[in-house]
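First up is the structure itself, then whatever we jot down about it.
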């Protein structure tokens, strides 16, 4: 019991036996996870509420897809990481499950208003399955860096969704649809989504980073990239719009491109300047994409991208992948530039091919796809309340279907 | 100074003297508390804004009751835990104070739109007082498990509120009230409440769990229960509604029943399957309750449950209590099944009797209870702005009562 | 290797080498920072959306100013804290950068609706520069206490903004403006801001407190002050309004005055009673200010304070500074009462003079200041969607400028 002690053995004994540090760390990572959770359920959900008559579907179907997708994502992760034949759940896997749903919610944005919940559930199953194959390839075979998932979530989700949108092309809607626009209050609801995404993106990009300095670096780089991205998005929006006005579509979306684009490099030693440069460029290309590229995709290529995910997730995701190649080549983090390039190519390839096949399956005629004239309209899938009448204060019985307790 | 060292004494010396771990832990628990705080003030507040003309009261009176209730709750806790004749405040007590207000906000849902702020403040005082007696009994005398408070908060709050609602029965409103329904945007505001409650429920159920594995177990079980609950709530809503449509009332409420029902068992060793089963069943009974039971309660028993708290908190809370009895009987956690049953019975008994007495006191004619025709209407208690006019841009002086700075 | 060990050397060796405690602490402080971030971007942004036709500008320009301001704030901090000629970014500096933007957003409230984005960007540069001089003086030269920044952020930001508002006085709007009021839903959006500010204020006041007991004290004092402030704000609002009704302007703002007023004393040993007293008084003077003082400022002094920042930040900020003088004089924390008084005087002096000069620069005729009739109107700076039409379901092509993907 008493005797000489080897300090090093003793030290490792102590560090090993510190009773509360490991659960403390898990609880701390759980709180980072909560930020990611807010991005998935409030962020993505409300960002898509900009349409005048599609708010119930945006936030409601977002909840359905994400809650279903995270369970499917846990299952898909389990395939690679079995533990005595059982799938164990921990906070790290919960983060990855939320990540896997993010791909679906991005693709959802490309086909918003033109698909039924059943079609979207099928997309969820297929997309998360394909995502987990690509993710395994990128992370474990290629061993590429992608801490904030510019490639494996953002570029993947965007091009997957665009491929689906191409297959589901609706020629009758090539001149737009009456309901495919916002009203004042729907744009305000969308800003709730935008701002929560913007604020919590540093948590997203750092959630699975190595603890310690890499994690803090991911926080700081993302924070700086997003801050400069706001400036370039506002500046370009004002430059390209009539009379120097700002366009809500740009502000709701392009201000976030900096978070997407800095993802791959987030935990790298790219200095504040590097992060800010990436964010600045992302804000420019995203805004220009909304203004000039989306109309071309719609009219020439038959890609009707409802939320403009190509501008928010697609191009900034590729920019992030390219920045990662350059940063690794410059030695900002250990890795191989060619493996980074392979990871980007793999993510795009799986997305386009997987999305096209998924789109064909979704096109089968028995999934309840909405007819053209009912697109962008909640009332096809939801009990929608009548509009407010102004004769307040009377005691006339309400329409019973609107009466919560007695419906 | 120099000499032989007993490693075990030494170890405990170190662990005792680690300078920053205890405040670190307190700060960490404060951040978990913040999630609970968001559920209380944003979650409950906005969940109740679904009514077309009662948003100010829902979120505003929610703030008043919660801010008052947490002070009363701190005082009531102080009675059991005096420290040299003083009431000390710490993060743990702040969590419990927020918990005690949750009972009031649940009961508020049962009488929403039919009570005055003064009546509700009286209910706050009485309900938190009775809650703290029952909580003391359940936790310290019966020593029952109820980490996520299915019994002592959810079932208690629901049946307390239903008893009050029964006493305050308004026969003239038995066919509903014109304002007792939602409009499109009010349903969107309510979804803010729903989604924040849904996301942060794992923090609620784990906030007072034992640090370490039990706390993480509570997080994971709640997360899984909520995820499956969404699936069953959507499925049943679509099955029971006309043409397979979804009903916002179900989505806003029944998706949360999994968080309620898994509360008692949250920190138990029930495996992912157990948690998911509880959530799945909760989603079913909650949705069916809204569809079929609430109308019966209203028409046959005279219980006009505005927000349907019986379906979200009442039945799922009892389900949680029953699941806790079974789980303890199966040895998922140390405890006595009969004490669990006694805790459930105690919570229901205190709720029904306490609620009935409270309702009688609230019925006294001098608390400003609104007349039938002014129910569900903010304008009785709030200065409500005139509706938007469309003649923008003119310089005509506004109604001065609408002018913030010059009112 | 083996030998006698000095326990104290050994202890310091261990504590020094604990591998994960420092990054753990940084990550924890990052999560506190996230609460502050939510206050800046959601809290301030949505609090100002109460105006019927100025929501895009409130939340959108708030995002622009804050994203720009935090970069400018990092730069200004860098001047005092250079590291080998480089500006290093860490979580602590991110908190301070967010703090420096808070001054601008408070001042923004005083001139909301009457200034162009370019004018506001100029104000951002000048105000943060002057803030950082005063902050350096108060913290490093005077060594005054102001952990929650009642003086250096709230009083400073308010009086800076009021000085700007005075210089930009618009005599044609002395009887108000048609758009200078709320509608029902805009008041609901504003409550999102209010409630997030209210909930997360304990994080704001404790974010830069000394770790350990002082930080927890700051949390608890702020929580208690805010809770009592709600009670006095509701009580006074009901007392001074017609028929005992509540006024949304009071509820949205005066409920927060307790967070402002307890700022300076937050980490002091003022006991729960002290914190609650400060909050209670703050709620009274803030509500009375909205009711009686704002109209006088507007009509007699030519200060048109759109959001009533004098009542939420100005007077409660001075109250906080005075409370700090008293508390230091009573020995609640080490310090000099005269240095506290000097800090308050310095903050007010820099604010009034700095604001007046800034206002004169903003008045130069080439910054695009809106004409009187276009005040409080988003459509001057934003593409605003047409109002909702009711002929849903038709396939008529939408106005292409409203079509997101094809614009």
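Letters A, B and C name the chains as they come in the text, with residue numbers starting at 1 for each one.
Here is the rule we use: a residue touches a chain if its C-beta (ideal position, glycine included) is under 8 Å from a C-beta of that chain, and two chains touch if they have at least 3 such contacts.
All values derive from a computational prediction rather than experimental measurement.
Note: Cα superposition of subunit B onto subunit C, rotation of 120 degrees, nearest 5. Two copies of one sequence, subunit A and subunit B, touch each other mainly through non-matching residues, since under half of the numbers at the interface are common to both. The mean-CA centres of subunit A and subunit B are about 30 angstrom from one another, to the nearest whole unit. Among all residues of subunit B, those that touch two or more other chains are 5, 14, 18, 21, 24, 28, 31, 185, 192, 387.
Against subunit A, the residues of subunit B that register as touching in their complex are 4-7, 11, 14-15, 18, 21, 24-25, 28, 31-32, 35, 50, 52-53, 172, 175-185, 187-188, 191-192, 195-196, 198-200, 202-203, 211-213, 215-216, 219-220, 223-224, 226-228, 230-231, 234, 241-242, 245-249, 251, 255, 272, 290-291, 294-295, 297-299, 304-308, 372-374, 377, 379, 387. Taken together, the subunit C residues at the contact with subunit A in this complex read 1-3, 5, 10, 13-14, 17-21, 23-24, 26-28, 30-31, 34, 37-38, 41-42, 45-46, 49, 55-56, 59-60, 63-64, 67-68, 70-71, 87, 89-91, 94, 117, 185, 189, 192, 381-400, 402-407.
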